[in-house]
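Right after this note come the structures.
In what comes next, chain A is part of two complexes: it sits with chain B in the first one and with chain C in the second one.
Right, the complex of A and B next:
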């Protein structure tokens, strides 16, 4: 019994320290939630406008890290694979790659200020200036 | 057959013209609605420099050479989310007009309107969708190869009839992608010029005449997360007999506009660290003359291993088989045409390392084994060793 309790406590602790990532969008975006496939379609350039015709403007974090890794894990693509898709889209004249920003604070500012903007950051960094479309429960954050 | 081809060509011409006029009219209307565009046009591009060593079994000396294989300068303007103008200028083989080396090509000059994800129209000079590799064959940063699979390698134009294997230009295309659950179905249909109809300068003809014959082609594909497959096809008309017309004994058949059919299939699979890609191209002529046989088959397969996120190694095998016709002469008297089959097999291996985003270092080796069962031709084996750097700017 004691062993079971210990395991449950450890699992709870791990869950608490897991990095939760929020997919956020500008408040004008006409969507309240997105599926994994819809997010992938946006970030791979297949979907380029919202339902109201406003262009989708995806943002990406420029530096590798837990938040970025969690996001790409959710998409089911390595970041290197996504980069090759973006490069192909660029060279074929299809669409531009996501705009990159240095950190989560800038990403939040950019998404809140850009009509049609969409991005991702850690859940605790979100505020009321944007809407949350999806929350990804990521793997535990490193110490 | 040829008469019906004329009718078909005329209908295609009218359809293409209507599509052009409708889209340009729509473009004009849409342009009037556009807000002023403040952002300047995008200017970017890429180049690939290489160092190669080639040895051959024939008496020619081996050679080692540096080469600016390719420089592409791309200009792009997004007039709105739906309208894009795109220009791709290509300089190949250390282009220099003063030194008379290399070549300059207007590779792509088009205007696109994206109606939706399912349908876009592209007007102007463009590279047609044919198999997976044709549209990206000149985008060196996307490819691990230095020497591309035969049908796509412009530096092998002396050995391989590239324009016969794959269509190089189209002028109007409709394309898009239709999602269905986890699968996306890609479609593309295009029209362009037949390659060399009415270009006989000795007859006063000065260019490609599209009043009667067109290139018509398309591709249907499906892709999911790890699998991508497609089939492609074209029909156009070719006057491939110009060089040998004087030697033909068959004068009963009009061989000036011979239908040509290309059929292609492509597949790409990803499994863990491995990627397998393969293509087949079959070219068939409507051979009304028993004297002319110029069919061609090409196949390639490549197995890639992603050693890391930035490094890929690959092995591949390319196979080309084409019918050849030799004009056999004895002294100055024409004696006849001799037919045969030319075969080219190239096993190749290489690696590509992405140093940083936009910069790729490449290495490749290949060994070409040629054979021909036509004594009019002589062939030899040759090897290729190359390193290259491809960079975007």
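Right, the complex of A and C next:
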């Protein structure tokens, strides 16, 4: 009985710490939700303008962590792969890589301040200064 | 159901099927082993070697990339920048392709080596370092070309360098570990191949032996019963029908054996039946033989009976003829008697008239004597009258004699047996012969001292008449007939001889038969002699004829006197 209870509690704890990541965008962005494909295109540099012609400005977190891992898992590509894509885009002069910020607070500020900005952070960090396009239910945090 | 009851076709199929199944199993096993070997070798070549190559390529590419990046950073012309940039792009592509290859190989690999977690840890470390390295390079590249203008970038500390070294370490370790896997896999394949070769050889020998055993077993299962069958058939052919096959199986051979037994039993039964039938036939044959003998004797009896019947028929015919003759005779007799009776009256009348006439004649003669004046006229008349009276008297007497003879001849009232005077009969027969007798034929009678004979006078008279008639007919012109009678012991001997033409010797045989006689100008049936013969026979007498052509005929009759 005690073993069962312990296992249940651990599972609950695990599920509780499953990171929910929100994809946020500047409030002026003419979209209220995006599909996974669209997000991937944006971050791959294949989509560079919003429908209203405003350039897309993607932001990326620099610190390794669950949020980052969850986001890239959602995109379906590893971060290192994305970096290769960005490097190619950069060298071919196509477009700049997403802007890197140190932490979520900076990201939030940047996205809310940049028209056409789009980024990702943990759901609990979201506030009204930005609009939430998608919420990703991540996998439980590794031990 | 038991094996031995399966049909032959099934047995064969099963046996062959088993053999084939074993062979197929062996083949399949071989194939699976070969496939395993192939997969092992695939593993070695494609999987491990592939991985090794991929990782080695990444290693080389990253090294090359590092160089390009340094050049890029150190370049001072856009052309170089672009050139190096292009190279970097190519290298990045190569690295990513090799990464794809490696990850794909990992994904499809079904092997789970014990330290695959370790390997994945190494790759993960490479990935993170590679990510960090690229982050740094990205910022360096970004800072090199700002707003289209080349920037001089001084590289101080070289965190990318450290990261790069870590990358290399991870990659080298990956290569090593994959190499070790490859070697292990190759060794495993080698061992498997060896084992397979041994097992294969064992299997080959085993399957040959098993096929042989199977074949022998099956063939024997088939040939043994067949041999039994052949032997039994041979025995039956030799005639031993008490053979019985005991092949206990419900397959075709078993059925054949059962049929054989049925057939043999049928043959036995048939043979027994034949034997019984033969015995029966034998018995019947004996019976038939006995019956045949019986029939033969019956036939003899029947023949005898037939002969008896023929005799009887002959006798019947004779009797019939006799009866006919008797009827004729009776009729004639009656006729004759009737005529005689009728004639009697006129004959009597004549006689009495004659008597009267004589008296008248006497009166006339007396008167004539008294009247001599009329004598010259009357005397010739009286003479003539006398003569006529004489003629008529003679004629009347003749009529009377004939009538009397006829009556005595017929003797109808005397048809029964009686004591009769033979001479009387002969005489009356003579009278009936007619005027020929005294005219041209001389009759000589030599009567002996015959007593009255017990006989049928009417019949005897018929005989005498026939003989005398024939004698008269046989004499042409003048001739003589001699009749003599005498006694000889208990018999009366009568002899009638004539001087007629005689009977030819060949006809003498048939004289008592049905022949045509030749009387002078008359054709007469000789059947009178048949009747005569028959009558004499009835009287228990004999009648015999001797005759010489041209000389004459003698008929001898012997009659028993009937004294007792």
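Definition applied: the second predicted complex is superposed on the first by the 127 of 143 C-alpha atoms of A that agree within 3 Å, B and C clash if a C-alpha of one lies under 4 Å from a C-alpha of the other, contacts with A are read in each partner's own complex, and residues count from 1 in each chain.
We adopt the following convention: a contact is a pair of C-beta atoms (placed from the backbone, for glycine too) under 8 Å apart; a residue touches a chain by one contact, two chains touch by 3 or more.
Not measured: the values here are computed from a predicted model.
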Quiz item: Between chain B (first) and chain C (second), which does A:38 come into contact with in this model arrangement: first, second, both, or neither?
Solution: neither
Practice problem: Kindly classify A:46 by the partners it touches after superposition: chain B alone (first), chain C alone (second), both, or neither? | Solution: first
Self-check item: First (chain B), second (chain C), both or neither touched by A:62
Solution: second
Exercise. In the overlay, answer first, second, both or neither for which of chain B and chain C A:80 touches.
Key: both
Quiz item: Should A:109 be classified as contacting the first partner (chain B), the second (chain C), both, or neither?
Solution: neither
Practice problem: Pick one for A:92: touches chain B only (first), chain C only (second), both, or neither. | Solution: both
Self-check item: Shared contact residues on chain A - chain B and chain C
Solution: 78-80, 83-84, 87-88, 90-92, 96
Exercise. Please name which positions on chain A make contact with chain C in the complex.
Key: 62, 64, 78-81, 83-84, 86-88, 90-92, 96-97, 100
Quiz prompt | In the complex with chain A, residue positions of chain C that touch it | solution = 85-86, 88-89, 92-93, 95-96, 99, 127-128, 130-131, 134-135, 137-138, 141-142
Practice problem: Report the residues of chain A in contact with chain B in the complex, numbered from low to high. | Solution: 37, 41, 46-49, 53, 55, 76, 78-80, 83-84, 87-88, 90-93, 96
Practice problem: Could you please specify the touching residues of chain B with respect to chain A in the complex? | Solution: 42, 44, 46, 74, 76, 81, 84, 86, 88, 108, 110, 112, 114, 117, 135-136, 139, 141-142, 177, 179, 182, 184, 225, 309-310, 354, 357-358, 392
